[in-house]
Every structure is written in structure tokens, then in C-alpha cells.
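Below you will find the structure I want to go over with you.
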Amino acid sequence: MSGAGPDRPLAHWRHRLAERGVDRQLWLLVPALVFVVALFVYPFCYGLTLSFQPTNGGPFSDYARFFSDAYERGTIWITLRIALPAALLNVLAAVPIAYRMRGRFRGKRLVTTVLVVPITLGTVLTAQGLLNFLGPTGWFNRILLATHLVDEPVRLTHNYWGVFFSLVITGFPFAFLLVLSYLSGIDPTLERAAATLGADWRRRFTQVTLPLLMPGLATTFCLTFVLAFSVFPSAVLVGNPAGETRVISLAAYQAAYERYDYPYASAIAMIMGFVELVIIAVVLAARSRFYTGSTGGKG
Amino acid sequence: VGCGAPEAPGQTSGDTTGEVPQRPGKPVTLNVLDVAGNLQLTQGMIDEFVAKNPEVISRVTYSKAPAPELAGKIKAQQGANRVDIGLVLTGVDGLAAGIEQGLWIDLLPTFQDRLGGMRDYLEPAAAMQRLAGNAGVTVTYYPSGPLLEYLPSRLATPPTSADALLAWAKANPRRFQYARPANSGPGRTFLMGLPYILGDTNPKDPTSGWDKTWAFLKELGQYVDYYPSGTTETMKNLANGTARLIVSTTGWDINPRVLGTVPKEARIATIDGFHWVTDAHYAVLPKGVSTDTQAAVLALLAFMLTPEQQAKAYDEGYFYPGPAVQGVQLSSAPQKSQDAIREFGRPEYDALIAGHPTEVPLDAKSLVAAFSRWDREIGGGKVKQG
Amino acid sequence: MATTTEAPPIRPPDTTRRRRRIAARPAAWIVWGVVVFFFLNLLGVVASVLVSSFGQSWFDTWLPDGYTTSWYARAWDEFALLSVIVVTLEVSVLVVGLSLLIGVPAAYALARRSFPGKRLVFLVFLLPILMPPITYGIPLATVLYKFGLAGNMSGVVLANLVPSVPFVILTMTPFIEQIDPRIESAARMCGAGLRTVFLRVLTPLLVPGILAAAILVLVRTVGMFELTFLTAGPDSQTLVVALYYSMSASGIRAQQSVDAMAVIYTSMMLVLLVVALRYVNPTQLVAQVKDEPEH
Amino acid sequence: MSAFSRLRLDGVSRRFGGQAALTELDLTIEAGEFIALLGPSGCGKSTALNCLAGLLPLTAGSIWQDERRIDTLPPERRGFGMVFQSYALFPHLTVRANIAFGLRMRRLPKEETRRRTAEALRLVRLEEHVDKLPGQLSGGQQQRVAIARAVVFEPSLVLMDEPLSNLDAKLRLEMRTEIRRLHQSLGLTTVYVTHDQEEALSLADRLVVLREGRVQQVGSPRELHTRPANWHVADFMGYRNLWRGRVTRVDDAVVTAESAGQRLLGEAVGDLRTGAEAVLAVRPEDIRVDGAGETRNALSATVEVVEYQGRELAAEARTDTGLLLHLRTERRIAPGDQVKLAVDPRRLLVYPDGPAHRPEDQGATR
Amino acid sequence: MSAFSRLRLDGVSRRFGGQAALTELDLTIEAGEFIALLGPSGCGKSTALNCLAGLLPLTAGSIWQDERRIDTLPPERRGFGMVFQSYALFPHLTVRANIAFGLRMRRLPKEETRRRTAEALRLVRLEEHVDKLPGQLSGGQQQRVAIARAVVFEPSLVLMDEPLSNLDAKLRLEMRTEIRRLHQSLGLTTVYVTHDQEEALSLADRLVVLREGRVQQVGSPRELHTRPANWHVADFMGYRNLWRGRVTRVDDAVVTAESAGQRLLGEAVGDLRTGAEAVLAVRPEDIRVDGAGETRNALSATVEVVEYQGRELAAEARTDTGLLLHLRTERRIAPGDQVKLAVDPRRLLVYPDGPAHRPEDQGATR
């Protein structure tokens, strides 16, 4: 109360802000925020407004156009049909493998490295490799034919499966890395506690580890799904870009780069982002139904 | 600050509007962007020009990119008033896209007199030039296709008519292949050539004039296993026996055999009454380049259109024959080029080129419409059956 | 295990251990079986590209007719790959460095503080990862050109930072959350300012997380075609531009040369990854585990 | 770092969102004092310490160092040292580097840094471990590194947040002596946070007892031990027997109260009238088991549970009227024994009890 | 789960890599016993418990439940209950579901599960919190959930790993009583790990003291309290005064030893001859301050440090010959006071000391 006159209002504000968690350290956010606002938000707003300024028709006519054309509208379904199972498989396959990778054993470092290395392959090599390897005269079919498992080469490229495999190859390492880190955030003591309570390994997993892992899996699924949803080069290279793998980003690409209809392309891209957001919102809403607090393992 | 288009006027990067001098005031650095694979044919010409005329072009840089993204990049540069690409080498698609967006400088008729070589265009090349309007200058030309290609060891007598092709495909299901037209030169040529072969009402109007073509493709599609996403793969399938009969062009016939992707003994066949659907590469200048650069590029183009330089366009049959102007002999081409064409070229091409009418391809809009319809009805149609 | 009910003779100690391992097997077998199958196929995929890129011609046979390195030589000359690789390395190092420099402090603030509007900030950082570059690539390039920042290396770096910075933020946040905030408090009580805390205390502790984020950013940057192409000048093309050209340019290109390009691309990434992994144990990429006893 | 003669906390408060963690803390600390902040888990001890350190901004109030206002300074400019509950050693630095960290931050000359580090190492007897990393030390050694790190730059104030809570009993005892010794030999001013009343009693010159963010009592160890200001403090200070009851008679400071049918004489702490609800508090060790000859506060009870605790036994006994008593004795007793108990009325404290402040799970309900 | 009448550990050992965490543990546990494993941090207590639970495979030895060998069974088939140090409650399950977990795993009928869960909830007095998640409970409540979860399926053996170490002093005291009550009322057999000797003394029927993976002593609380088998155990059991010395005379069990120039009489524990090196051990509370009239083991010393600890004071005093003594007294003494001290020879234990087993940081060096 003594002699703090000029300080008063300032201190008052500081106190009010401090209570809400606002203090000096938030300056650290500023560079990143400025950066993203300057280089992303502004151009992105441009794309957004562009989508409401179609070459002809009212502000929403490009959106209407997209949804009134079954061929275009169908791309959403096609994309989901590829991206959802691929993301799901990536996440689900990562779980048991990551589960096995807990604890210490010899060669763990090597195995982890090998599991992460496919990150480096890139879309093009994956696509070329799939065409070569799974193609009608590729080694895969040759082995099948040579062992008389099939009489005719199995067609695994230029259709749904080609794209699917390429998404698995590129998406799995991501999913694996993330799942592994979430899994190791769960205190292994919990599973031991379940064991002393009479749970065999299957029930330990389903009743204890899995429910605790679910939030992490949801996040991983979201990230993998985003990667898979924007699948583009491989949909063209190893898929059937005119038909069953005509994904939504291909529709946007054609609008932008074949028809040079940027407003329409923006509109499609917005729809694409919206669909992604919807799926992510659904997954995150489901995630919030699971227990999301500390799982004991992390600092 | 609203969310308006970021195309507010900025400062110019040098004089872009005034009078274009005969020679640049000082030597320029030229950035060439190739989106058509044209440098394979013309880089030798450009290098030679730069070597001979250092006072015009002091340095040249090359970059290459797939065509579709071209417009976006030029737009971005023009929106910011900083165009640093001096010369774009492009095919019909990139050219048309730029015209529609107003990206290119109209070189004609303003600079007609500086480009004397244009008077000596081969007739079909001249037709391609007319297609380009005033923006592009044809630098290389070839008659393209449609041709059929097969291995004599696997297929003794290829079909020679449209009906025979259909019958053959029916008799040999999954053995006929062509790539998705949007991704493939031969596929595209086949698509555009069919209306002439089938005698459609308006071969230039895919929406309403191609009834027979669409019906034919649909029926043919029943016997096609799948449409690869690139010509390379049809070639590979031909080589490994998965496909017996594929669609090709002159360049795609010769060059892959030179490269070894297709066995040397592969043969071509033609369909009765086919018209060549020609193709060409163009040189264009984006709006916003300085007058000095414009002057330098014009001088370069004039040089490139001389017969001696055009002979380099024979290459290894990549764009066979290649030259756009008359009177260019194979014998004046580089030795390597001559050797390749002698070994892998086909004597019958001269007769075929002479004996069949040439047609310019569809304009960009119609072509996109044709692709789109093909995707919806032919390529996409495959799905529902399989 | 039912045999244990009978009173057994004294066994040497390792018998029990061996039995234990066998008991653990069926589940492990399936998992490792699937993994091995996946990797055999992956190996096939990679090997077929590798073999093809060295093949002279490869028709309907198990292996090519002959071998040559000419596809590499061609690609090398055609794209002046040496300078392209140098540019790619420079760009990726710059992007990785800058995105860490900008992203880690932001991740720190997000990990440590809760403040009003945090969700909004989070969404702003999530969007660049969600939105395809089509929506913002061209206007972004225009902005960069307008300020003279595009058409050279700075443009490529800035454009690639747009998705990289949020990516660093999203991956680093959990890693920072794992560090005991009291260690920072301790440093501050010793008289260290925020900058010193970052340099002297946080950075050394975050090394595994930083490397993980760096690797993922690196992979994304080297593979980012659209933004790079839109902002690159003739001297600042990266490898992926050449790769996309070789893959999707009109005109004739032998399959093997595409394969060769893809192999070059992958080897470069692999070298970068292996170099990175030399300095960090991949198992450290994840949270410190309370180690389970060996079973 | 300037020494001070007095540090004054003036209405220091801290809220988290809607929840108050610390409310209106007023406290004056004289140079050289050893102050302990005491209270149950979650009462705001660490919050108070962090506010003092500058690690947590205040939401109201101010802190004055002599005539200088310091609550707006960042922690690194206040010049206080701090020992953290979990030590918070820098895991990537050696013992030596950990201790020298604060000196390096102050850019002291190399020679000086080395000298003072060596001195601090000697003080905490870690000369042999200088080059180890914290992960290679035992808990007690880590503890000593944390203390050395906090005092090496001779801070004007040392803050300690439950520095001993992770140690086992034997080590805790040893470290306690060590801390007291350091405080005296270096002439430090210390604020020490703990939830262990014995620790607080044995170390501090003055204790501050907190409960739900509010100061309950400030006083010397003896005051707190013998005269807790209210029954919450008493509860915390080891008055394990807390019985709810009703005042039946008041004679100045001596009141008679009835709890579970038992009439007991005790000393009133606070304002009590006849008929008022009250809480009676007495320590287990203040219940005498050899109370046969006693007349006042004599109780006869049956032993129910006995725990061996070395020299003494801890036991639970129930009076015939049902009152449960915790007691400690050196007498050998066994469950089922009938015992005569007595409580010195001066040792039985009677507190007023409002309906809002029920002792939960305590008193006559048991 | 079948009850048993005797559980036998036979040479149970566990190594981690090269390091032995537990060596040759032999122990027989009778049904209904309460056994405490005691020892300093890192001595192998948790390792022993985990081996018993089946969470850690043995590297040697065997475990027998009556005539059945069980060390090869996985934990879920041994039917033991375990309370983990950190509780290890399932954070995603409510209190009720946590407690019912073990019953569900045994596929008991719904009705039965409900009934027994309710009973366990009543036993640990958590009826009001059934639907909360563990994160919403205080430490003591979590503790009780962990105990209820471990005992609800009436295991033949309950293992507890330092269940009270995270609680504050007051709560710890309460929970201790609770655990003992549960053990008795349910007729459990319990193995309890702790590093707190007072806890062990007050709870267990038998104590097992470990040091560096080896059993030091097994015995009743009284045996351990009054007659530790060697000076390490003594050190751990609260004999804070440990002096190194030399035996000067042996009279049966009474030996005279000299330490720092001071001659002291004590009781020999172990084999001692004249001239042998010895360690003298005495508890602080066994040093009497009013030792003026004493003739045997009388010491005159100066008080150096005094700590207030409520009723008693803890002090350090140094004899004229330089021996440092820790003592506890109710007498009011102050630093600088001259005091006459005395030690009952029966309370002063004399242990043999091999050069290999020096008391580190202890004894006359201080």
C-alpha cells in the first residue's frame, strides 16, 4: 500500500492476466504466430475468398457445382474409402508391433530403425516399386505363378489395392513412431497390477492398455488420416485415376492445373479440408469419451 | 487488411513495355523453363547461340517442370511484378492455359519480321502455328500418331481397321492397351485420331460430334483390362508380353527402342484411313519480362528456326522427325542422331507421312472436355464392371 | 505349464527361463511373422526399383538382360544433379534449422502454459498441415515474389517453413511436456534468463525430441514439390522437382531413368536419416520408459 | 546480490482460474530467520514459495525487499536460491557444473567460480563425486548437490520445497541436521516448505501453518506444539485424538466438555460458552496409562489395537462409553486389557466448532 | 484361489545383467503372518516382492506353496494380491470398477461381484466415492482403493510395496492402523515392503532386514529393535550413534571397548576378542542426560546443536575427548550447556568390525 501509486493499474492488469495464465512467456509464441499468420493465414484467406468468387454464378455456385455432379461428389466417398481403411490399418498394425517393442531386448535399436526407414522411400520410389514388384510380370506374381498358387497373375496395381499398399508403406512408419511414443507413456506397472489381479495377457491388453492407449491412437489416426486423405501422386501412378481411385485431391488438381479454374479448385480444396476437419472432429470427440489424463509414464 | 487477391501493383523489375530493341542494351541472363521435354531437342541450339553471341545472352539457365504447374508459377511472378523466366518451352496444353490466363506476350504479328524462319514452316507445322495464335512460336513439330505397335513374335498379323481392332480385342481380351489419355501422348493422339478413322460428324467437337468414337471406346473398353497411367508402362507391358497390341506415335516408336525399353524388333501398324494428329512444341515469353530479354529471346528464336539448327531436332527419334521448317535433311543432323535413326527409324514413315492427311489437335478447352468425358465414361466406367 | 503342479526335481535355473520364452511365443510369432512378411515385400519393392535402375532392358524375365549405370549418368547430366543435391541439402538444413528455431519456443509456450484462446492458436497451427497447398500455394508465392523473396533460395526456404513450423510445434509439444518444469525453474533460480535456460538447459535435454522432429521435417521438406516449385528460381530447384519432372513430364522417358532418379532421391534421404540416427537412438525418440523387466 | 534486512509479503494471493491456491498471505521475514511453511497436501505451500521465488506471477498483493518492490522482477533477478522437492538437478551436467551453474550465470571470474564451487563441495562433503552425473548419485547425495547449488552464490534468501520428502527415515534425519548447520554457518535466511510437522518443529525459528490457502497460525515451534490456534492446526500438529463434544461449563480458561458421554476438563482455546459445540484435542502421548490414582479426566477403557514401535507402544483403546482414544505408552499392554487412563487438563485443548467446520472422518463418529 | 498353510522361498535370487539384486533368499511364511521386508533404498525389497508375485522371473531358486512349485506360474495364476508403491490404479476405471477388476477376471457371477465389491468398499470406507475416477481422489483414498482391489478376491497372500511412502505423516499413521485392521479382520497373509523401520515395527509379526540383496536378520520386532544382528542392521534400526573402537576387555557378554579415548561398557553381539576392532551402537534415546550420579558409562559433554521436536529435544553433544553423540531428551538443554551423560551398558551394543565393513561416513570420523 505504500508508495506504489503509479504502479497500481499496471500491477492490477498484470495480476488479472497472470490469473488467466497470460504472462511474459507467451512471447515465445509470437514468432511462430506471426510467421503462420503472415505466410499462411493471409494466402489461405485469399484461397477461401477465391472459392466464393467463381468464374460464373453466385458465391456458392462452385460448391453447388461440386455437390450436384455425382462424379465430383463421389470423390469424397472414394477418398474416404481409401484413406480411412489405410489409416486404420496403419494405426492398428502399429499397435501390436509397438507393443512388442516395449521393454528392452537385443536388436531393438536395429528393429526400430528398420521400421522407421520406409519414411525415406518417398512416393515415387514406392509407386515405381509397386508397379515393378506387384505388376503382372513382377517378382510377386512370378513367385505366385512359380509356386502354382495362382494360374493368372493377380492384379494388384492400377486399382484400389495399389494405392492402398502405397499408403501403407508411406504411412506405417509415421504411425509406428507415434504409437510407440504414446505406448511408452503408459506406466507398465498398470499391466503388472492387472496381472496380479488375475488378467491374462489378452485381457491385460484389452482391459487396461488399450483403453489407455485410445486417446493416443486417436491422435495418431488423425495424423495418418490427414496424410492418407491428401494422397495424390500415388493415386495417379499406381491407382486408376479415372475410376476407383479418383480421389478428391485429383479433382482439385484437375480443376486447378488442367482446367485452370482456380476458384473451383479452391472450393474443392476447402471441401476437402472441411471433410478432414469433420472426420478429425468426430475422432477427437470420440477421443474425449476415453480417459485422457496422465497415464503415469510421463514426467 | 482484407483478404483480397495479392495482386496489388508493385514496382516493375526493369522496362517491360517500351520499344523492343534489335539487340539488348547489355547481355542478359536468360532463364529457360521447359515443361514439354523440348530441351532434349533444342538445348543444343540454345547453347550454340549463347556460345556464338555472348553479347546478347551472357548466361543461360535451364529448369524443367511438369506442365500443369507452369501457369501457377508464372501467375505468381506476374502478380508480384517480378517475372524472371525469360523463355518457356511448352506443348499445346501449357500454351493454351497461358493464353487463357493472359500470361504470354503476343509475339505476332509485332515481331513477325524478326522471325524469318517462320515463313518456311512445313505445312502441318504452319497449321500448328495457327493453332497457337499470336503468343507462341513453333520450334519443333512431329506428326505423332495414332499408330499401333506390336511384337511380331507375339502377334503375327495386326488388325488394320477399326472393326478389326475391335474384333481382335474381343478375341484377345486384356491384350490391347492404351494409357489414360490425360497422362499419355499416344493415348491422347489415339483419342483425337479416332473420330477421323470412324468418320464422326465433327472430329473437333468431343462433346457432340464424337458419337461413334465414344461408342467405339466404350465397346473396346470391355476388353481392356486397365488403363495405365503412363505410356512408359504400356511399352513395358508390350515388352514383357502382358500386352500384345498398344497405341503409339512416331517418337514413342523409335526412341524407346533406342533406349532399350522396347525390343528392337517391335513393329508398327496403322489403321485404314487414319489422319495424323500432329503435335508441336512452342516457345513463349511471359508478360512482364524486360525488353532487353525480349530482344535476346527473339534473336535466339530466329537462330533456332534456321535449317542448320532445326536439324538437331531429329535427336534420337524422340520427336520424329522433329524439325518444323522445310528442307531439313537428316544428313545435316549430328552424327549420333543419324546413327540412331538409321538403326531404329522406319523407312515407311516417309510414305505414311506423305500419304495421310494431317490434322491439328483439339484446342485446349475441347481437349480437357474430351479427357473429362473419357475419365467419366471410359476410364471410370471400368470400375463398375470390375 | 500344467506340468508344474507335480513336484518336480530340482532343475538348473535356466530351464525355467527357456520355458518362459517358449510360452511367450505364439503371440510374438504372429506379430513378427507379419512384420517379416511386410518387410520381405517392402524389400521386393525397393529391390525391384534398384535392379531396374541398373538394368539395360528388362522384359519378361526374373532379372534384366544386362546392367549399366548409364541411367544414372543421364539423370546426373540432364538435371545437373550435383548442384541440385547441394541446393536440396542447403534448403533442408535451413528449413529444419529455422523451423526448429521458430517452432520449439512456440511448442514450449503451448506445452507449458494454458491461456485463453489456446484452442484457437492450436487450430491455426493445425490448418497448414490439413490444407492442401493448392489453396494457398499461389498467393503465397505471389506474396514472396512481391517482396523479392522468391525465385531464390530464401523463397523456397520460407515457403517450406509454412507447413514445417506447425509440424515442429505439433511434434515437439509432447516432448517438452515430458521435461520436468522444475529443472527450468531451478536454472532460473540460479540466475539464468529465458534465453540461457533454452540454450544451456532445455536444448541439451530435448536433443532426442529435436532430432525426431528434425527428421520428420526433413522428410517432408525434401518431398515437398508444390511449394518448392512455385517459389524456386532456376538456381534453387530441389531434387524433388527434378524427380517430379522425370516422372510426369510429357515426352518419352525410359522407365529405368525414373527408377534411377527415385533411387537417387531415396539414397539421399537415407543418408540424411542414417546420419541423423547416428546421433540419436531411435528408441530415444519416444518417451523415457520405465523399463519393463526382460521376459 | 544485495542482502536485505527484512522481506515483507503483503496480501500475496494466487488464483488458478477460479480456484484460490493462496489467499492474502501477509508475512514479514527478518534476515537470518528460518521460517517453515507447514500444512497438508494442497494447502498452497509450494504456491507461496513459487510466488516468492518469482516462478509464479501473483494475482494480487506485493512483495517488498526492504523498500524495494520485487514481485515484478523475474526470478533470475531476485537473487534467491531454491532447493526443489525433487532436486531438479540438471541431468546433463556433472555435480561440479551443477553447482557452478549459478556462478557462471553471474559471470564471475573463472578463478572465483572454481574456488567457491570447491568450497561448496567441501561444505556438503561431495568432493569425491565432482565429476559424476546426477543420475549416478544416491538420493541423499543428490539432495546435497541441490543444496550446494542453491547456496553457492550466497543468495539473500534460500527457499526449500520439501527437500527431504523423498528420503528414507535415516537419511532424512541426517539431512535435517545438515540443513540447519548450513543455515547457521552461512548466515542464510531460509524459507522451508514441509508437510512434516516434526521436521518443521526441529528446524524452524518460526512456523507458518497454512490450510486451504489461508494462514492459520504463525508462531514459534513451541507455541504451535503446545497451543495450536484452532483444531485444524491441532489435527495437523499431532493431536490425533479429536473428539466432537459440547461445553457444559466454563471457568475462565478451564472448560468442562462432554463427548460421547464422557465429561472432560480442558483448557479453552478461543471463545467458548456453555452449550457451545466444541472439539476436544489431545495428543496420544499426553494420555497417561497409569492414571489409576487420577481423579480429574480419568477414563477407564479397553485396549483394542496395539502396535509395537520400539521403545513405545501405540495403542487404540475404547472407553466404556464408546470414545476411541489413540495413545502411546512404554507400558506393556495387550489388546483386551482394561486400562485406567488420565489426561492432564492443561494438555487437553478445547476448541469452538462451527457446523461449517466439521472434522471429517474424525471425533466421536469413530 | 486355494489357501495354503505355508509358503517357502528357497534360495530365491535375481540378477540384473551382471548385478545381483537379490541373493539366496530363504524364507518360510506361515499362513496368517504379517511379514515386513525392511532395508535401505536399493537393497532388493521390491525385487523380492516382484519375484514372489511372479512379475520378475527368478534367476535361481524356487518358490513352493505347500507342496506345489509356483515360481514358474505367471502372476495371474498365482492368485496373490498386490498393492503397488504408486498404487497403479487403472486411471480409466471408476473406484468400483477398479475394485471389481480382480473379480471380473475370475468371471464371478455379476451378483457375487457386486456384493463383494460393496463389502470391500465398506471395509475401506469409500462408499461415497464409488463412481469417481482415481484422479479425483486424494492420496489416502487412492491408497485405500489399491488395498481394497488387492484384497477383494481374498487372495491367499497379499503383497504390499511401500504402500504408505507417498502420504504425509498424519495420513500415514492412519493408514497404518487401517492395514493392520484389514490384515486381522480378513485373516490375510501379508508381505509388506518398507524402508521405514517404525512402520515395520508397528505392523509386522516378523521382520526381514535386507542389505545389498542379502538377508541380514529375520526376527520379531522386539528382537530387531533390541538386538540387531550386526551394526548395519543397528544403523538402520535407529542406532544413530555408531562409534568405531577397539575391544579392551571381554567378560562373557559384557565387553569393554574404547572409542575416541572413551572407555565404554557394552553388550557383545557376535564374536569379540580383546584387541578386536569393534563398532559401538546406541540409540539417541538410550543416552540419559541426567547421568550425573552414574558411574558406569558416564560421559561429560558439551551440547552443540539442539533441535526442538515437540515434547522432546534432539541434540548433538561432543565429549571432551571428541566423541560425537546424538541424543534425545525431554530436559531443556541449550547449545553450550555442559551435560553429564550416561548409557546403560545393556543398551550399548558392541559389534565386531571387519576392515571390509567400515561404517561409511560414520563413527569416530565425525
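In this document, chain identifiers A, B, C, D and E correspond to the written order of the chains, with residue numbering beginning at 1 in each.
Criterion: a residue touches a chain if its C-beta (ideal position, glycine included) is under 8 Å from a C-beta of that chain, and two chains touch if they have at least 3 such contacts.
Values in this document were obtained by computation on a predicted structure and should not be read as measured data.
Novice: So which chains count as neighbours of both chain A and chain D?
Specialist: C, E
Novice: By that same contact rule, can you tell me which chains touch chain C and chain E alike?
Specialist: Common contact partners of chain C and chain E, which must touch each of the two, are A, D.
Novice: In how few steps can one go from chain C to chain D if every step must land on a touching chain?
Specialist: 1
Novice: Look at all chain centres (mean of CA atoms) and spot the one farthest from the centre of chain E.
Specialist: Ranked by distance of C-alpha centres from chain E, the top chain is B.
Novice: Of every pair of chains, which is linked by the largest number of C-beta contacts?
Specialist: A-C
Novice: What is the distance in Å between the mean C-alpha positions of chain A and chain E?
Specialist: Spacing between the chain centres: roughly 52 Å.
Novice: Taking each chain's centre as the mean position of its Cα atoms, how many Å separate chain B from chain E?
Specialist: Their C-alpha centroids are separated by 88 Å.
Novice: Averaged over CA atoms, how far is the centre of chain A from the centre of chain B? Could you give it in whole Å?
Specialist: Computed from C-alpha means, the inter-chain centre distance equals 38 Å.
Novice: Can you check how far apart chain A and chain C are, centre to centre, with Cα atoms defining each centre and the answer in Å?
Specialist: 15
Novice: Of all the residues in chain B, which ones touch at least 2 other chains?
Specialist: 5-6, 69, 72, 183, 233, 240-241
Novice: Which residue numbers or ranges of chain C touch two or more of the other chains?
Specialist: 60, 137-139, 143, 180, 244, 247, 255, 258, 293, 295
Novice: Two or more other chains in contact with one residue: find those residues in chain E.
Specialist: Residues 55, 74, 77.
Novice: Looking at the complex, which residues from chain D come into contact with chain E?
Specialist: Per the stated touch rule, the residues are 40-41, 125, 138-139, 168-170, 173, 176-177, 180-181, 195-198, 201-203, 221-222, 225, 235-236, 238, 240, 285, 305, 307-311, 314, 316, 361.
Novice: With touch defined as at the start, can you tell me which chain A residues reach chain C in the complex?
Specialist: Listed in rising order, the residues of chain A that touch chain C are 20-23, 25-26, 28-29, 31-33, 35-37, 39-44, 46-48, 93, 96-97, 99-105, 108-109, 112-126, 128-130, 132-134, 137-140, 142, 169, 172, 174, 177, 180-181, 184-185, 187-189, 201, 226, 230, 233, 237, 249, 252-253, 256, 262, 265-266, 269-270, 272-273, 276-277, 280, 297-299.
Novice: Going by the contact rule at the top, pick out the chain A residues touching chain B in the complex.
Specialist: Touch list, chain A to chain B: 42-43, 45-46, 48-50, 71, 131, 135-137, 153, 155, 158-159, 236-244, 246, 253-254, 256-260.
Novice: With touch defined as at the start, can you tell me which chain B residues reach chain C in the complex?
Specialist: On the chain B side, the touching residues are 5-8, 10, 31, 33, 35-38, 40, 61-67, 69, 72-73, 75-77, 79-82, 84, 91, 93, 183, 185, 231-233, 235-236, 239-241, 251-252, 255-256, 259-261, 263, 318-319.
Novice: Can you list the residues on chain E that touch chain A in the complex?
Specialist: Within the complex, chain E touches chain A at residues 53-55, 74-77, 79-82, 84, 86, 88-92, 101-102, 105-106, 133, 135, 149-150, 153, 159.
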